[in-house]
Amino acid sequence: MTIQVNGRPTDITEPITVQHLLQQLDLPRTDVAVAVDGAVVPRSSWQQTDVGPEAQVEVVTAMQGG
Amino acid sequence: MTIQVNGRPTDITEPITVQHLLQQLDLPRTDVAVAVDGAVVPRSSWQQTDVGPEAQVEVVTAMQGG
Amino acid sequence: MTIQVNGRPTDITEPITVQHLLQQLDLPRTDVAVAVDGAVVPRSSWQQTDVGPEAQVEVVTAMQGG
Amino acid sequence: MTIQVNGRPTDITEPITVQHLLQQLDLPRTDVAVAVDGAVVPRSSWQQTDVGPEAQVEVVTAMQGG
Amino acid sequence: MQTTDPLKVAGDELESRLLLGTGGVPSLGTLADCIRASGTSLVTVSMRRVRPDAPGSPLQTVRDAGVRVLPNTAGCFSARDAVLTAQLSREALGTSWVKLEVIADDQTLLPDVVETLAAAEQLVADGFDVFPYTTDDLGVARRLADLGCAAVMPLGSPIGSGLGISNPRAIAAICESVDVPVVLDAGIGTASDAALAMELGCDAVLAATAITRAEAPARMATAIAAAVEAGWLARAAGRIPRRESALASSPFEGLLGS
Amino acid sequence: MQTTDPLKVAGDELESRLLLGTGGVPSLGTLADCIRASGTSLVTVSMRRVRPDAPGSPLQTVRDAGVRVLPNTAGCFSARDAVLTAQLSREALGTSWVKLEVIADDQTLLPDVVETLAAAEQLVADGFDVFPYTTDDLGVARRLADLGCAAVMPLGSPIGSGLGISNPRAIAAICESVDVPVVLDAGIGTASDAALAMELGCDAVLAATAITRAEAPARMATAIAAAVEAGWLARAAGRIPRRESALASSPFEGLLGS
Amino acid sequence: MQTTDPLKVAGDELESRLLLGTGGVPSLGTLADCIRASGTSLVTVSMRRVRPDAPGSPLQTVRDAGVRVLPNTAGCFSARDAVLTAQLSREALGTSWVKLEVIADDQTLLPDVVETLAAAEQLVADGFDVFPYTTDDLGVARRLADLGCAAVMPLGSPIGSGLGISNPRAIAAICESVDVPVVLDAGIGTASDAALAMELGCDAVLAATAITRAEAPARMATAIAAAVEAGWLARAAGRIPRRESALASSPFEGLLGS
Amino acid sequence: MQTTDPLKVAGDELESRLLLGTGGVPSLGTLADCIRASGTSLVTVSMRRVRPDAPGSPLQTVRDAGVRVLPNTAGCFSARDAVLTAQLSREALGTSWVKLEVIADDQTLLPDVVETLAAAEQLVADGFDVFPYTTDDLGVARRLADLGCAAVMPLGSPIGSGLGISNPRAIAAICESVDVPVVLDAGIGTASDAALAMELGCDAVLAATAITRAEAPARMATAIAAAVEAGWLARAAGRIPRRESALASSPFEGLLGS
């Protein structure tokens, strides 16, 4: 099944938690925040929140700007 | 009974129409508009619209300004 | 002998008057003024004023400007 | 005889030197400069320079300003 | 003298690009003089309670001059009051045109853009041709145009201040970005301010205090009318660029002794 | 439209308060159009060496238009050269009027006031009616007037820059302090600059590049002429004071619900 | 040198009244230099998608410098996006402070005040300390303060333009009228702009492009920091009034020959 | 904080680029405070007739502070008077440095450049180090430098007016064109004016009234000193160009939902 991670189609084999997704994609886990389908997933819920089919996942961090 | 006409207490003896009120108070009837209790009373309804007790009547016209 | 007319060396065979010089060089004679060696030669003196060897002659007129 | 010192008529009994004038008038002698009749009298000449009748004497010093 | 194109607005054509505000005019005679001298096609009035003892109304003067009237909602602090005032003006004067003014306070007289947007939306829906007074905020001007306003009227500087156009770039940006006519409102102090407004791209200028409180109102009306035309023509004529250094206007060739 | 009073200068009266400089004009046809459109009464020319291959002279165009010519000494760096150029212009064109220009360098084209003062003194003594181009230095302007110049012509900003009037207070101070006519010279970029010059108290404005190098020169000539008139009228009309705070132009009495 | 009082905002005290934006900084090393040179206490960052190939994050640099971070919502065009971005920034960075930016379009980068007000209301309700970027519209600034924003951040001129403060009176009016700290945001080009902002009554200044894109960023950071302090002290010192005429600073009594 | 390079002038080096004028200072105690707070290296005084009843002289205060004194010729209307005053100042104070001021009248206090040039020539020939107060006329400034003056001191605006720098382009042009130090003289009203002067390229700034007549003179002295340094650093740091349109300071890549 395919989800969108930061706008890119990403195949995953089965529903996984946010925590596993970050691990699997080797994304940083500090100083980042995650939204799934337009809602923030607090860090404390990463291990309990599943990312389902066609989910829109955003993983953001601080960059220069402003 | 007392109504407010342009902010001034005005005694009337009985409910009267807008048309009669303007006549009774000797107010101009051209180039003016009337609102009763915050709603415009179109000229075409002046003869059918009664001004009841405690009504707030505004009679306005054009002045210099702007 | 050589004189300078408007900054260009010009050969003349003998001393000539301003009037003749303008004629010889086919320069306009209206709306112009002439200076020889830094001094204005009034139009009324053109026929009496000789242009000698090595003279610096300026012949000017109005152009767009200013 | 009368001289002008800083614009005020001042009577002196006889021609005196700049040096004596300053002493007599109890004017300061440091940080000042003296001009007589529009010319500076250097400090080194105060004892040799006489102030004659009708002399205009200026005695100036530094003030706030600028 | 070549004259400006008429201003097309709200389905009408106005010959003059100078709108005249009547506030502060010392007498109806002077008002008549100013209308004539300005050549204006559109004159504002405010809506106020009838007073039996009131001096003559400017309406007859405006009608005698044969020009349109533009009632305003001056003095309103909320969308609700402004909408009611607009409705009364339509009823009293028989025009759907209204200059929408909703101000933030009675000291600065600056627009309250939130209430102005709310009122504009209601009035457009109610069939009015809305001419909103607004700040020089580009985003708000664009929203007003998008709501269907007939024009937008950004201020140059506070009402009655005579400070001219405080932020010319902001006005120019609105003119470039908005599809409806832009009328410079408030702040005009004298003729050069009006010319500048037109050069920045405004389609028209409203002047009130600058004219009515000048020492010689009718003469100032003539002056500002000429300036509006001058600015309009100048914009159309394509001005020279600003240059940080000089550019000779007389040739350096053919100089004496050169 | 009410028109300005004629400008009295050097014993003559000029109907128009706009002087036209001819530098940069693309053709004599355009020059004729600009003279007509501007309504000017006085047109500048520069004095240059006769060139057999030169295009037509602007003189005939100026004469055909029935306006006065004002020769200038543009391109001169010294009093000596300026005086000679002025004498040649008088001889060639039969006018004692001369626009005196002595510049400090050929990059900035800014006036050299020392040489200008020296030349002005000589030319006045020699019977010229001297119109000196100068900086906005009040003391120098006063000296030029005291020397007997017919007018003084301070710059608004560098020649051809189109930057308008860089120091309006300085121009206003000259206008208040000098008894001869003050003609704003150099820097005009568009109509509002010309209106401002007149509002500051100038008696006339000279425009060259602003008109001749505009995209549509004749239209800009019309625009600037209208602006000169607008500014002149506005000054005469007595503008409202600038106020740091707002002043209501609509009455606050008689408001609904008040 | 005497230093400014700390800025009290959102329950904290900031030693420095200069906020540093990090956009455009050429390297993290330069960023570290600029933080040090500016003496800033608060540094903005934007929130962007994680990129595996991204260069180092400015976060570590900011932390090493021991200063607070102020995440912004730059790039958002709607209240919805801005609120989500703010929530993500709080989650990622552990701060409730957020610089709220909602822009009207990606060309002018001007604020969309309607969306900004909507977002501010939601964010305040959600417990954020909101620092909204806004126009110089007084009414909007007052509404933002009334909604409970921690500060208001009106622009001087468009982001990155370096045009300084286009409408100083508007900024001064906001400073007089709003109870929360006013931080001048956007438009600073150089030191004098920052000094002026403080003289007008601003409580702090944010500079980004002016510092990060200067030829020598750290030196410019020092310069602008000094200017912020200069402006703050100057305001506190009570400047002389502007006078249209001169006032002698040297006495006229006691002159020679007088 | 990084500090400015010393100013090399007339064979000396001044640590501070702020010159302090003493006119208008309410007391010698305040003068001492201002000298200390400003960090100045050079303080002006005027030369006046000795008055037996005069309050204390500023000289001792200046000496106690260990800074140089710069006598001026304020109040002189002719080269002759200025030269005599300069000679007296050299005799009284033992310094060949003199700030040459020759004014055109006692209302505007504007320089008389003709008399100033004449006096400068004589004083240079007589061995003085001449610091002439002058207008912002480029040609005159160049002539003063060519005559051998130690510096040139163009005005920003009239003495005591606090109007800042009326014509920044003119000041910048002088700075670019003249080889001796340029000291902005007259017109400074507050800190940002001083910063601007330095950004335009001035080598130093003189402030008198702005400091001495501020509500808190010593605090303003600190402010203006900081501003001079800020402006000097900013110029050295290479400011960003002014742009008519915005330039994003936050990246548009990596936006949410993009």
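Going in written order, the chains are labelled A, B, C, D, E, F, G and H, and every chain counts its residues from 1.
Everything that follows uses one rule, which is that a contact is a pair of C-beta atoms (placed from the backbone, for glycine too) under 8 Å apart; a residue touches a chain by one contact, two chains touch by 3 or more.
Remember, predicted model here, so these are calculated numbers, not experimental data.
Participant: Counting hops between chains that touch, how far apart are chain C and chain F?
Facilitator: Tracing touching chains, the least step count from chain C to chain F comes to 1.
Participant: Could you name all chains that are in contact with chain D and with chain E at the same time?
Facilitator: Chains touching both chain D and chain E: G.
Participant: Any idea how many Å lie between the Cα centroids of chain B and chain F?
Facilitator: Distance between chain centres, rounded to whole Å: 62 Å.
Participant: Roughly how many whole angstrom separate the Cα centroids of chain B and chain E?
Facilitator: Those two chain centres are 33 Å apart.
Participant: So how far apart, in whole Å, are chain B and chain D when each is placed at the average of its C-alpha atoms?
Facilitator: That gives a centre separation of 92 Å.
Participant: Which chain C residues sit where two or more other chains touch them?
Facilitator: Only 6-7, 35, 58, 60, 63-66 qualify.
Participant: If you look at chain F, which of its residues touch at least two other chains?
Facilitator: Correct list: 21, 23-24, 46-49, 72, 74, 84-85, 88, 101, 108, 110, 163, 169, 208, 244, 249-251, 254, 256-257.
Participant: Every pair of chains that touch: which are they?
Facilitator: A-G, A-H, B-E, B-F, C-E, C-F, D-G, D-H, E-F, E-G, F-H, G-H
Participant: Under the definition above, what is the set of chain H residues touching chain F in their complex?
Facilitator: 104-105, 108, 110-114, 117, 135, 137-140, 142-143, 157, 163, 166-167, 169-170, 173, 177
Participant: Would you tell me which residues of chain H are touching chain D in their complex?
Facilitator: Chain H residues touching chain D: 21-25, 31, 44-50, 52, 54, 57-59, 69-72, 74, 84-85, 87-93, 99, 101, 208.
Participant: If we count contacts the way the header does, which residues on chain E are in touch with chain F in the complex?
Facilitator: Touch residues, chain E against chain F: 1-2, 21, 23-24, 37, 46-49, 51, 72, 74-75, 81, 84-85, 88, 101, 106-110, 158-163, 189-196, 199, 208-210, 212-217, 219-220, 222-227, 229-234, 236-258.
Participant: If we count contacts the way the header does, which residues on chain B are in touch with chain E in the complex?
Facilitator: 6-7, 26-28, 31-35, 38-40, 42-43, 58-66
Participant: Can you check the complex and tell me which residues of chain A touch chain H?
Facilitator: Per the touch definition, chain A meets chain H at residues 6-7, 35, 58, 60, 63-66.
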